[in-house]
Amino acid sequence: MSLTGVTLIKDLRLEWRSKDAINSMLFFALLVVVIFSFSFDPTAEESRQIAGGLIWVAFLFAAVVALNQTWAREIRNQVLDAYRVSPAPANSLFLAKASGNFIFVLVLEALMTPLFVVFYNLRALGPAWQLPIVALLGTWALVVNGTFFAAMSLRTRSREIMLPLLLFPISLPAVLAMVEATTSILTGEYSAKFWIVLLAAYDLVFTTGCLLLFDIVLNAE
Amino acid sequence: MKRVFPILGLLTAGLLSYALYLALVVAPTEQTMGDVQRIFYYHVPSAWTAFLLFFVNFIASVIYLLRRSPKADIIALVAAEVGVVFCTVVLVTGPIWARPVWGIWWTWDLRLTLTLVLWLIYVSYLILRRFSTSGQTPQLAAVLAILGALDVPLVYFSIWFFRTQHPQPVIGGGGSIDPRMMHVLLINWAAFSCFAFLVFWSRYRLEVLKRELEDTQALEDLLESPRSVR
Amino acid sequence: MNATPIAPATTPIITVTDLVKQFGRFAALRGVSATFNAGQMYAILGDNGAGKTTLLRTLAGLNRPTRGSITMLGSNNLRAVCRQVGYMAHPSLLYDEMTGMENLHYFARLYDITDDQRCASVITAVGLDPDLARPVGQYSQGMRQRMSLARALLNDPQILLLDEPFSNVDLRSAREMVLLLGKMRDNGKTIFVVTHQAFLLEGAANEFVWMEEGKIVSRTSHYSPTPGEKP
């Protein structure tokens, strides 16, 4: 198996063993949904208009919490040094971490979505089969840049705030696309095709960019 | 070089005054909006100048990563700083214009929104520069600048399409411009560009001196006889 | 395991020229020039802040020099010869939640080593039990240092860079580690040990390199503490 695969499995196994991050994050995700549902209590008609935005903002918050602990285990015993002195290519480490985060955040989304459906009585009037596609593309967009900027913020003061600070501005077109795509599918008023294509383009551009540039970030002192 | 700066300064001052006169006095009054529209001559050139400076930042960042040239790093930093300033001008003049004319402070106008996102990206770039504890800050900043620049076309298309689905007022008149207004606009843009260049150059020289000072201090620390505490 | 032939003793294996490393205004290395030969064990000594760790990390490629050059195994590019280098520091560079064997399995993959036997033999070589099911986080300090050394040995490197391998390790374990290092040196490895416990290496190290304020001030073949200094 490739190094990326081995690293990913190692991370999943470690997460499964300690379970500390995933448990607190699941609970945090639940809290976010409840708070949002208390704060925005729309009618069924209104809810379809705003649910897209609400859900993705909630996912974004949950994702940031997950992303902030991406490199926590590697920092603890300076394991990154072991990686840096080895001949292993930086981008396999990046891809493994990003994939791990991807799975992580998808799990959180899978928990939060049914709750939103329940609290907002959601029903998609448009093609619901497109929703998983939007979820996959959108989550990858957040995670690929999030993993990259999480590594960058390791070399800064105020690490936890640096990650969202760097991530949010650059993610704006992707967030707009996710929200608009979800809203169009829920309301059935527009086609989500353009947004899906935009998300795919965003994913392609930034996955390539991050893979090419990660070596510089990993080896910054 | 030192003599050129004051001469350029005077020329710019002259050009700016002339441009101001054109904008406030000579340019014809707009039919529907009235005199408020004259802010257009500040709003639009500031935007163009900001975008140009961010493009300079992108090129300088790429050159820095390819050649590790310290000058390229300084150019990137200065371009980002001055660009953010001009972006701020756009973001302030936009609502000032929109409020009396359309009755709203903000609209997701293409230019205005694009400017807002760019402002956010480059402010985050400047914050990264300030908060970085790494010895390789220029490299990290250059990486961020390149990712930010890659984002720009995506931002543009996302806003453009958003507006076709949710029509909003356009600040700045999308239609054809009276040739006399275009003339005033271009003169103002020339004046703003000269001003931007002057500010850029001053800041550049300042940064070069600052780094020279740091290098000299570092060299002194290196060469001084060790302080032994025995 | 090694495609590169082991360099015979007394040939230079690392040459450092005018090495300067500054962190902002603090100069950790102020111009270090030295030649180190193959098949030798070098003890690097000095007070805190002398630059020992910085020198080791720069040799490992973890710090980029501000000025100066390093030639290692004939190459100016440290990345090109990184397969021949093993690095160990005071943090364990291991995952606390995995067992020793699991850790080594993973780090071996970083060097394209998929051989299970290699991991087991390296763990045994440092005097630990490959089948130990305890996660590394629960090891004693001595065990953790030894497992960290095992990790550094996975790729059978020609050059070993060890930063404070004996700190907080009980005396017996430390002496066993020194014996092991001596054996590896006799087999042709070049070993650099940064330590505050130089007495452990008396009789084992070929040379004691003294650093002070970012420079090498002397190189001796014996360790003799000055009066008043703790042995």
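In order of appearance the chains are A, B and C, and numbering begins at 1 in each one.
Everything below uses one rule, namely that a residue touches a chain if its C-beta (ideal position, glycine included) is under 8 Å from a C-beta of that chain, and two chains touch if they have at least 3 such contacts.
The structure displayed is predicted, hence computed values, not measured ones.
Going by the stated contact rule, which chains contact chain A and chain C alike?
A chain counts here if it touches both chain A and chain C, which gives B.
If you average the Cα atoms per chain, which one ends up farthest from chain C?
Chain centre farthest from chain C's centre: B.
On a C-alpha centroid basis, what's the spacing between chain A and chain C, in Å?
Comparing mean C-alpha positions, chain C is 39 Å from chain A.
For chain B and chain C, what's the span in angstrom between their mean Cα positions?
Inter-chain centre distance comes to 50 Å.
Approximately how many whole Å separate the CA-defined centres of chain A and chain B?
The computed centroid separation for chain A versus chain B comes out at 31 Å.
Two or more other chains in contact with one residue: find those residues in chain C.
Within chain C, residues 64 contact more than one other chain.
At least two partner chains per residue is the criterion; list those residues in chain A.
In chain A, residues 221 touch at least two other chains, as defined above.
Enumerate the residues of chain B that touch no fewer than two other chains.
Residue numbers touching two or more other chains: 135-136.
Residues of chain C touching chain B in their complex?
Per the stated touch rule, the residues are 20, 22-27, 30-31, 64, 212-214.
Would you tell me which residues of chain B are touching chain C in their complex?
135-136, 214, 217-218, 221-222, 226, 228
Residue numbers of chain A touching chain C in their complex, please.
My answer: residues 3, 6-7, 10, 13-14, 17-18, 73, 76-79, 81-88, 221.
Quick one: which bits of chain A touch chain B in the complex? Just the residue numbers, please.
Those residues of chain A that touch chain B are 145, 148, 152, 155-158, 162, 165-166, 168-170, 172-174, 176-177, 180, 190, 194-195, 198, 201-202, 205-206, 209-210, 213, 216-217, 219-221.
Chain A touches which residues of chain B in the complex?
Answer in residue numbers: 65, 117, 120-121, 123-124, 127-128, 131-136, 139-140, 143-144, 146-148, 150-151, 154-155, 157-159, 161-162, 165.
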